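Below you'll find the structures, each written out as structure tokens.
Shared between the two complexes below is subunit A, which has subunit B as its partner in the first and subunit C in the second.
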Partner chain A sequence: MLTRIVNMDRRYVFILVALAVIIPMLFSVSLPVSISQPTQNLYDYIENLPAGSTIMLAFDYGPSSLAELNPMARAILIQCFRNDIKVIALTLYADGTTLASTLIKEVAEEAQAVDGEDYVFLGFRPGATQVILGMGTEIAGVFETDLSGKPLSEIPIMKNIVNYDQIDLLVDLASSATPDAWIIYANVQYGLKIGAGVTGVMISQMFPYLQTGQLVGLMSGILGAAEYENLVDVPDKGMQWINVESFVHLLIVLLVVIGNIAYLIQREREES
Partner chain B sequence: MQLLGIWVAAFLTLCIYSFLYKDNPLYRFAEHLFVGISVGYGIVLSIHQGFLPLAWKPFWEAITFQDTSGFWVIIPIAFGLLFFARLSPRHTWLIRYPIAILIGYGSGIAIPNVLRANIFEQTRGTLEPFGKIARETVAANGNIIPPLTPFEIVGAILMVIGVVCTLTYFFFSVEHRGPIKGLSKVGIAFLMIGFGSAFGNTVMGRVALLIQRMDFLMFDWIASIGTIFSSIF
Partner chain C sequence: MKRQIPLALCFLFGVVMIFTQFSPHPVSKSIYERVISGALIIGPFALVLATITLIQTHINRIQRRTEHWGYSFVVFAGLITMVAIGVPFGPENPVFVWLYTNVQVPMDATMFSLLAFFIASAAYRAFRARSTEATLLLVTALIVMLGNVPVGDLIWNTILSWTGFENQASAARGWILDNPNLSARRGIILGVSLGVISQSIRIILGIERSYLGGGD
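After this line comes the complex of A and B, so read on.
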């Protein structure tokens, strides 16, 4: 029996994980989600901005990370449109262009936000560092037009926006090291306030920046997305998926415990 | 059209997940398709969003005398083209110039900012809590922050111990014996806790990707089968 457990075909584990995902998804299980301080801080910071403020939203991720970051982006856009906060969106990822454009249009349609007045999507420019530094001098120097090709000078939301001095916060939704770049160049060089939403893989790297105040707040993976949806009171995919996630985590912990116990007992038997 | 997109996405998702059983041609087909499309998409987008508006447009306007201020882009374009000197063994040495510019520019921009963001600010962040142990402080937004609680004081002390011990572990100029060995062992413990936390978060991230795909298969793809049946019958 012990040998069987230790040498179990890994495909049984895949089946168990699949069942742990499918069953709670079918039965729509709902577990409580408490709000962590970093997510609360980001929410409060945006919530306390006066109407008419402007935030930059950087969609620095591709399709491989949309599961964690799209729900965050959706929740932040809803909060901004609801509070009459202008959104200037952009991406440092070529892959992020279509994703971001689709999501922004979708949320804007639901919130009846107007392109060019409530939000603008600048699109993608290659060379992350140069883009970040260039916008510190003049945004129009880097993005002459928005994604649709309309010159920034003709877009109402960009009328009084020259550089970071007119931006109240940048939120970077990231699947790689772009928050570091925003902090190193935009925060240090130009004093731009920065918040972030990152994938699970990157959470640990971001905490030192939170502790020093270089990040005003942080959404951590799918949990952060669920927390933010809870805060804006629009439960969606983040809330649904975090419930399913809890069951998979339980299964993984259980498998780790069983595997280790079986291994230790087997080793002891072999030694004796 | 949307229905077709859903079916293509579902087929490719299943192709990729078929690898969990064992390696097979369907998996390899989907993998190669993904790599090819990603690279192609990236190149086209870089040309349209980068090369054309930032290099070609000002260059063309300059040489057709529509806007002569665009002539300055000839300099960076010329240096950029030197990267292709690599293709000619006789002229390969020319590549040193664009690389030298990139390294010089990159280092000049990065070093002061990285030092400030990652060394000075982190050092301040590590020591600053000790200044708040016994007195109130004023936050940037004007709020009064009360002195640290006993729990926060323990946290601040632990943080300093963690930083010192972890740095000691990476200090290789002295042999790790006696007290140095003890400190570096504590450093290893802190590192392991860090790795454990990073691994746990990684598991959360990877599981989220699986959940998103299962959500797509169960609620978009299977629902589309219903749509097809209802339209037929």
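After this line comes the complex of A and C, so read on.
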């Protein structure tokens, strides 16, 4: 019996994980979410920007990380449109173009934000480092037009924007090392303030930048998305999925504990 | 000559670009800006190169009838369809958006979601208290896993409310990320940075030449 538990067939684990995902979704469980300091800091920073400020929103992720990062993007866009903060969106990921464009349009429609006046989506340019450095000199030198092909000079929101000097904050929503690139090339080189929202697996990499103040705030994985939705008071997918994730984490913890108890008893018996 | 010219160019651009970082002179600034806008052109070339390599790889697979060569046709079907719609009509074309939303997004999301199953199975097998180090790793992982979801604090506040402290699961996770994790990460960042600096100097001075390809 103990051996069977210790060497449990992984298909049983798969079935249990599937159930831990499906059941909470069917019963819409709601757990209380407390706000972590890095998420609160990012929210406060944007909240304290005066109306008419401009932030850059980088959608540096593809469909594989959509579940964690789209809720963050949605919550930030809602906060910006609500506070009359202009949004210049872009992506360093070819895969992120359609994803970002669809989401921005969706949120803009709900918030009645106007394309070109309240927000603009510049689209994608290849070569992350060169794009980040290039915009430090002149944004129009890198993105001559927005995604629809309209020259930046004809877009009202871009009228007084030349480079990072006119940007109050960049929020990088990332599934890879792009926050490091933004910090190294845009923050250190040009003094651009940076916040980030990253996938769960990347959280540990970001903490050194939080401590040095190179990141003004951080949303960590789906928990960060849920916390931000809580802060802007628009509960959506983040809140729904963090509850599902809770059950999966709980299941893994239980499995690990049971597996270890069985393993220790088995070892004790073998030794005696 | 085939090697000397690239080495000379590398030395020249390397030294000049380092110099531009320390000089606020307008000439230095102008050189920096020109080089950066030149570098922007390299990005699209890399993209074209990657596409050509992808096509060549899959043509080879089909010609040599390697294992699962039939799937290479699927690669070409996807590539041709998206290019045929995306290039002339743009990324906002409804058909392009439909294909992206209903084909690429579910496929990518599915691939990534499978990780949850494999990680759960791997965690069950790997996190065993076989030694002191393994036990330390196991305990840390359990704390971070519980602290990373609201249910961790809920359990703490329900079972351990008598301690008088609240939300200690997320607080413990925060402490681990803020202290041991941060110290280790900072060490790694410093080590990698020093490595990058020394490697850059070797490349600029022509000591490291592997980027030129081929042998000496």
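As a working rule, the second predicted complex is superposed on the first by the 272 of 272 C-alpha atoms of A that agree within 3 Å, B and C clash if a C-alpha of one lies under 4 Å from a C-alpha of the other, contacts with A are read in each partner's own complex, and residues count from 1 in each chain.
Everything below uses one rule, namely that a contact is a pair of C-beta atoms (placed from the backbone, for glycine too) under 8 Å apart; a residue touches a chain by one contact, two chains touch by 3 or more.
Remember, predicted model here, so these are calculated numbers, not experimental data.
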item: Partner chain in contact with A:T3 - subunit B first, subunit C second, else both or neither; value: neither
item: Touching partner for A:W241 - first (subunit B), second (subunit C), both, neither; value: first
item: Touching partner for A:I183 - first (subunit B), second (subunit C), both, neither; value: first
item: First (subunit B), second (subunit C), both or neither touched by A:S153; value: neither
item: Subunit B and subunit C contact sites that coincide on subunit A, given as residue numbers; value: 14, 17-18, 21, 64-67, 94-95, 97, 123, 125-127, 129, 133, 200, 203-205, 208, 211, 220-221, 223, 245, 248-249, 252
item: Complex contact set, residues of subunit B against subunit A; value: 20-21, 38, 41-42, 45-46, 49-50, 53-54, 106, 109-110, 113-114, 116-118, 121-122, 124-125, 140-141, 194, 197-198, 201-215, 218
item: Residues of subunit C touching subunit A in the complex; value: 33, 36-37, 39-40, 42-44, 46-47, 90-92, 96-97, 100-101, 104-105, 107-109, 111-112, 116-117, 119-121, 123-125, 127-129, 138, 141-142, 145-146, 148-154, 167, 170, 174, 177-178, 181-182, 185-186, 189
item: Touch list for subunit A against partner subunit B, complex; value: 11, 14, 17-18, 21-22, 25-26, 48, 64-68, 94-95, 97, 123-127, 129, 133, 144-145, 180, 183-185, 187-189, 199-205, 208, 211-214, 220-223, 237, 240-241, 244-245, 248-249, 252
item: Residues on subunit A engaged by subunit C in the complex (per definition of touch); value: 8, 10, 13-14, 16-18, 21, 31-34, 36-37, 62-67, 94-95, 97-99, 101-102, 123, 125-127, 129-131, 133-134, 137, 141-142, 147-149, 200, 203-205, 207-208, 211, 220-221, 223, 226, 242-243, 245-253, 255-257, 259-260, 263-264
